[in-house]
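My questions all concern the structure below.
First chain written, first letter: the chains are A, B, C, D and E, and each begins at residue 1.
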Amino acid sequence: MDELRRFARELLLKKEVAAVIGYEQVGEARTRPVVITDPDECRRLVLNEYCLNNLVVYLNRARIKALARSKEGIRKLAVVAKPCDIRSIVALIQENQIRRENLMILSMNCHGVVRDFGCEFNGDNLAAKCISCNTQSSTYADKSFGEVREIPKFTGKLEYDLSEIEQLPPSKRMEFFREQFDKCIKCYACRAVCPLCYCQRCITDKTIPRWIESSSHSRGNFAWNIVRALHLSGRCTGCGECERACPMDIPLSLLNRKMAMKSKELFGYESGKSTDNPTLVGSYDQKDSDELFM
Amino acid sequence: MTEEKLILKEDLLRICDDVIKKGDTLLAPGKSEYVIVKDVSEIKLDPEALPTKISFKSYVFPKSEPVLYYKRSKNDVTLIDADVNGRKIVVLGAKPCDTGSIDIMKDLFNWDYRDEFFNLRAKHFIMIGMMCKTHDEYCFCTSVGCSPVSENGSDLFLIPLSDKEFALRIVTEKGREFIEPYFRFLCDADTKRTEEVLSAAKNPETAFDPDEVHEWLGRNFESPKWDGIGEVCLSCAQCAFACPVCHCFDIVDEDYSYSEGRRMKNWDGCQFGHFTLHASGHNPRDIQSKRYRQRINHKFRYYVDKFGKILCTGCGRCSRGCPVSIDIKEIVSNCKD
Amino acid sequence: MKIGVFICHCGENISRTVDCPRVAETCEKIPGVEFSIDYKYMCSDPGQKLIKDAVEIHKLDAIVVGSCSPNMHERTFRSAAVAAGINPFLVEIANLREHCSWVHEDVESATQKAIELVRMAVEKVKRDKPLSKIKVPVTKRVLVIGGGIAGIQAALDVANAGYDVVLVEKEPSIGGHMSQLSETFPTLDCSQCILTPRMVEVNQHPRIKLLTYSEVEKIEGFIGNFKATIRKKARHINEDICSGCGQCVSKCPIKKKAFSSFEEGLAYRPAVYIPFPQAVPNIPVIDESVCTYYRNGKCGMCVKACDRQAIDFDQKDTMMVADVGAVIVATGYKLYSIGKQPLGSKYKGYGEYGYGKYKDVIDGLQFERIASASGPTSGEIKRPSDGKEPKKIVFIQCVGSRDPAKGISYCSKICCMYTAKQAMLFRHKVHDGEAYVFYMDIRAGGKMYEEFVRRAIEEDHVNYIRGRVSRIYEENGKYIVKGEDTIAGVPVNIDADMVVLASAMIPHDNAPGLAQKVGIPYDKYGFYNESHPKLKPVESTTAGVFLAGACNAPRDIPESVAMASAAASKAIILFSSDSLEREPVVARVNEDLCAGCFYCRKVCPFGAVEVRDIKDMNGVVYKEVAYINQGVCQGCGTCTATCLSKSIELAGFNNEEIFAEIAAL
Amino acid sequence: MADAGLTYGYFPGCSQKGSAREYEMSLLKVAGKLGIDLKEIDDWSCCGATSAHATNHRLANALAMRNMLLAEQQGLETLVAPCAACFNRLITTKAECRNHPESKKDVEELLSASVSNTTSILNVIDLFDKASNGLIGSGRVRDMKGLKAACYYGCLLVRPPELIDTDDSEQPDSMERIVKATGADVVEWNYRTECCGAAHSISRRDIVVDLSKRIIDDALMHGANVIIVACPMCHTNLDMRQRVMRRMYPSHKEIPVLYLTELIGLSLGFTESELGIDLHYIRFNMPNEIMNQTAQA
Amino acid sequence: MDNKEKHIENGWEPKIVAFVCNWCTYAGADLAGTSRLKYPANMKIIRVMCSGAVDPVFILKAFERGADGVLVSGCHPNDCHYNAGNFHARRRWDLFHALLDFAGIEKERLQFSWISASEGKKFADVVTKITNDIKMIGPFKGYQEMNRQFTTEFPEQEKEKLVQQCTEAEAVNG
């Protein structure tokens, strides 16, 4: 942690970066994203199991981008990113949103994070995405901090089991999802925290024509949640922030995970793996399955 | 007129059962929201529980409701008013930081226009509040004039004396009307015990003085303090939608066939970038810091100026649920020189 | 908006199953419909007049016609609308005949469907926007890339039509592979005799600017408005002064260092050379890699020999830019490398045939040089190894072609014919020689082609063996060709004196590189893709870029010439007016809302999406957005559906219109 | 050298335990010396070649897959199959199961197990050319200079071309690289991938003798003094059948046939009997240069 | 009585929408017409330029507007008028179909086909098949429930219906 603070401070002192985006501790079991431009403020930076946010979302925010922009051109931004968050960086680079050369990726050697703020870090409270994680450190980063420790074995229970839901008959699945989506209040926290939801104006905010009804009735909620999952198909890197941010506890990552599985199954594609890959959407293979087509 | 009685938990549940049987709606705090109770066994009545993730606001001010229906014909449009559902709603075990919310919003919905949708629903609310015996780092009811033992907004108020007994205070006439048929379940109060319990209430520390905040906000519209928050906030509306008193809404017309449609009233949140986007493309609150400034000013200054009430109950929901851990208490506490 | 609805009976074609008066009557009640009527033949003159009159009387803004398929009469009704003063894109057709009356029997359900179809059209037309044709200015000059027979033909055709041509050839002379050939099938006339006059014509044509020893560096722009940057490689000879006397060539002391590529490596050439005597332009080139001057700064024999001081050792590559309106790509082909290839190469090669190892195993072009009167043997058939006359030659067809195991599955098309020709030439020149041909199938589809092959077999007694050769090895000075006669079902061993491999035609190594510069797609082999295999065989998918000859697929000379003329005429059609008119069904980006993910760019089949920088007040780019070049967009709309933020709209089929149609279901 | 720590599964197949005993002997010796750990998979069975291959396609697949499944279950990612026929069966089945889900399903049903089909298969040439690249050169104690080797691949080691990405099916040269590493010279010759007659060895000896003789004659004509093979069947046909050739063609000149592993073994310093070379029909005499070298050592 | 009969007995006819490309399937549908092939009248076509231009949200919208089934049809692979539009479409539909399937929407509700301009017969067959499929599984209840939420009956509608019935009765009675 000290090393990170020192390193970040150096970056700012030497003016190598315009800002450092990291985490600060707020309370015992909670951190908050922080954007630091003053070198002395770097002492606030922390790295621990409560660094839940995917800070990559900030890289594409107009305000943050403005920090990096000056008359002389674009300066670098430093971002603290867990190895899993780096997949979002890769995806954003593929989608022309950020450039690697404008970035300084400070990664943490990660041994898992908690499922939500306020929980004690142990096997019961391990975040779902960490259960089968096998990238504890990243080679894509400019520098990694902390030591690699083992991820605790998951001893908790997931509320929803994807394979169980897959096995329900279609009508039951629709019932299940409708019930879940009906809880939605359209606060769009899922959209706000998603690094890949960077549209200047989300289609749900478009009125002519009205792509998705903004009302929070069953139909509007169903459309929003389906289209959200659709637009993230083959793009979502599985950071799970949407589900964590949802105040209504809708199991959003079920859809995301299912679509990630499908992308892999149908096209052998995994999002955020490498900037060399063509994106799933936007490319095609003549050999793509013709099974659906009469 | 407060009158105190004693009631056993099982009797209280019997009353609830009767409410459900009559076909009225009974709401009680559930896992993350106030839920409609279908069976009394679901009722927890836990004074140690933290506030639910969102309040019962949607039962008085739904997240989406039609206000009218329209049908276009060749040269004409026909309108039909929407039918307001005015069923009785009993809220059991509402937190003191929630009970007052309807009163706070009422002023807004009856200011220049009397919102019949809100009023009719509010009229049918029976609020059974319950003393709160816990708080966490985000609670600050005491800083906005509320408290864990506040009866404000409650028609009836419960004070848990033990696992099995409650002191029941009849706060309003509406409360009395509701409880009268069940008087046989009530016993005489042990006011001394009640007072003991009340005085042992765990008050969250006062974090700020709303008057000072009000004064500071008046002077610091352009303070650089707003910038830092703007960088971190991601512009969702979790805070507004979880808030028991945020009441912004949007009106949209929605066709459901080529000639028919409805006009919907939907929750809206002031942190959304397009909340103030004009048709011209101009946006007076174009950046997040301006939007967050609006949020704080609206709650602690504008609403106070207009209606004499703080638009905040100190429940801490917005901070607890914030995906990026922005803490309203911390920010408002910092509203000083 | 006031809409008129016109329901056509189409005689009885529609009205037999659709109750047309009821449709007209019901549709009159749709909000926005001002006037509605049915009529016997809406497409007839009185029908069209009915429309025009209604527009005038009822002050209609848009019309919907319920009639036959838009593929039949959309144009008719649009013209009627224009005559009545309505924008043609404010006309919608409800297809009541092909999609309704003809395919349904029940009057009630067909009528109901007709009403709904009209309603959908009405809802769409309400949202339709008036559109006008897009005009793109045209620069009336063509860039022809490649100076083989296809490029020459295309350049001459365009120039003779009165337009300027820039012809770029990467070799020092135009002529291409055709200039290397001995005689041509099926007439056996001399290749050079028919080609040379055309080469000279190119050189002398006032409208053709010939740039030999030059390569295209990049092409920017779009149809009608390309900007081509061309690198003129240094010849080290001042072209303006050189008279082509050839003194420098004969004085050059470097005699045996460099193989002549024109002679396919069968002869040497000096460091300063003219590729072949009939070269156009007849100006030598100095090959820096072997010239003594460039090695040690000495020699200068050529300088002394040149009485016009045309040698310029300091000459550098120069760049020039040409504005052109169309591009004709005619870059031709090369032959499959038959020798053993390193592991992992795209094509596996035929190591087992010993090409490269045995001097007398040669490919088709090498045989052309040996058989050519101007070739290294002056037309006498001699073995490269010892100069002896071979008495037994085995020709093997489909070396590379039609052999997926070796990397190529297509048929090279010309090999059957030229093998027959070569075997014939051999038999004509070596009367006691034996010629064997191993073939898979004989494909002689072409005028006089089959007759030609029959002549080789029947008159010239060439032995045709149906089967493949497994390997060739040397034994006692003979080449043992091990093969199989699949008709007789026996293995065949032939001890040949020489073997000629008809190797596959493949694109040049840098074909993909050039395609990327020009912006045209290519297949997995590197052949350039035509826009439509049947209907647009000479257009590339990039508007304004046309294809000619073997760069598109294996082709023989007459086909290449025909294709070149076709490409030329496409360019000439393009130049027939000063600006280009395009249907306005094109996509447009809302730059304010574009997030710059460029998925549209990835899916656009035509490369119409460009990157546009949006700068802040300091001139720093803060956003890149997509911009769709209206001249290039073909209006498929794939980008609109791909765009996640729905910031692209396809004019004429915009999302609002489609949503309205859905709503009216 | 021994700590190279290369561990592979080892699938012997029937011939390694019978007619090609010396192949196994030499392979294990050489591997041991080079630090390659070959773990014979437990409970292996027929690879599915010969009878099953000819009569029952499903059985042939299931048998091959069974062995790969065993390797998978025993934690062995890579399987070395020295016999060319075994190797060919394994890669063919693997490819079929990869490209045809229905075949995979069928095999899984027959085996009552799910198959991940991820085992990679090596033949002996792959093993020494790629997997243990450079080991032979560094472990060499004897320079095999003086041997003029004709490397004979036969049919199955480098085919079918679409499944072989380690070498050219028609003009292979991987075995030559290994042979050169032992110090021996290689000769250019024409019959490297011709048919030796293969399994007709027993049923149609006449065919085999003719085919094999052509191979031997060509090797001799190009100056070879030894033929190197990596397939038990090739060895049988080329070595054993030379006695018949001598009977049928009195002018037949004999040439010894060594397994690739035997040649490597010699260069690593093992004796002929340790490698089983004395079990061959045609006697192999070490050229004098090499003998002298050994004497000096 | 199987499902299909049961649904039809209730007087229900499915509502089906087809999004078809201008060059192949639309022309194929025209050919079905010129060939006088017969197919059920339940499907209505929305013409777009290319199957690549069909947005998945169009399908959701169709369901929202009461469609019981949707067909998307374009040119056969490699026959696309725009070369690659249908390839992009195919990938999109593979994903979207998987998503809808997971969300519990029956596979029959959304179907796909490649129909060329010469396949009039195939067009008729596909329409018949999808209509039968939808008749078999019945009305799209899941969506209809959602569609009915917050709607109302307009009294005028009743009036109109009455008027219509009267005129029909008059027509019948002459």
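Couple of notes before you dig in:
Everything below uses one rule, namely that a residue touches a chain if its C-beta (ideal position, glycine included) is under 8 Å from a C-beta of that chain, and two chains touch if they have at least 3 such contacts.
Because the structure is a prediction, the values reported are computed rather than measured.
Looking at chain B and chain E, the chains in contact with each of them are A, C. Shared contact partners of chain A and chain C comprise B, E. Averaging the CA coordinates per chain and comparing them to the mean over all protein CA atoms picks out A as nearest. Farthest from chain A, judged by the mean position of CA atoms in each chain, is D. On a Cα centroid basis, the chain most remote from chain C in this structure is B. Averaging Cα coordinates per chain places chain B and chain C 70 Å apart. Centre-to-centre separation of chain A and chain D, using mean CA positions: 52 Å.
Between chain C and chain E the centroid-to-centroid distance comes to 40 Å (mean Cα coordinates, whole Å).
Between the CA-based centres of chain D and chain E the separation comes to 62 Å, rounded to the whole angstrom. Multi-chain contact residues of chain B, defined as those touching 2 or more other chains: 64, 73, 257, 264.
Shown for chain E are the residues in touch with two or more other chains, namely 56, 65-66, 84, 88, 92, 147, 150. Across the assembly, chain A contributes 201, 203, 210-211, 213, 215, 217, 281-283 as residues in contact with two or more other chains. Inter-chain contacts, as defined above, occur between A-B, A-C, A-E, B-C, B-E, C-D, C-E. The residues of chain B lying in touch with chain A in their complex are 31-33, 53-54, 58, 63-64, 137, 228, 230-232, 234-238, 240-242, 250, 252, 254, 264, 266-267, 269, 272, 274, 287-288, 321, 323-327, 330. Only residues 65-66, 69-71, 73-74, 95-97, 198-203, 206, 208-211, 231, 278-279, 281-283 of chain A touch chain C when the two sit together in their complex. In the complex of the two chains, the chain C residues touching chain E come out as 69-71, 95, 97-100, 102-106, 109-110, 112-113, 116-117, 120, 521, 529, 531-532, 541, 585, 603, 605-606, 634-638, 640-642, 646, 650, 653, 655, 658-659, 661-663, 665. Listing the residues of chain B that touch chain C in their complex gives 72-75, 255, 257-259, 281. Residues 26-27, 30-35, 53, 57-58, 61-64, 117, 183, 185-189, 191-193, 201, 205, 207, 210, 213-217, 220, 241, 244-245, 247-249 of chain A are the ones that touch chain B when the two sit in their complex.
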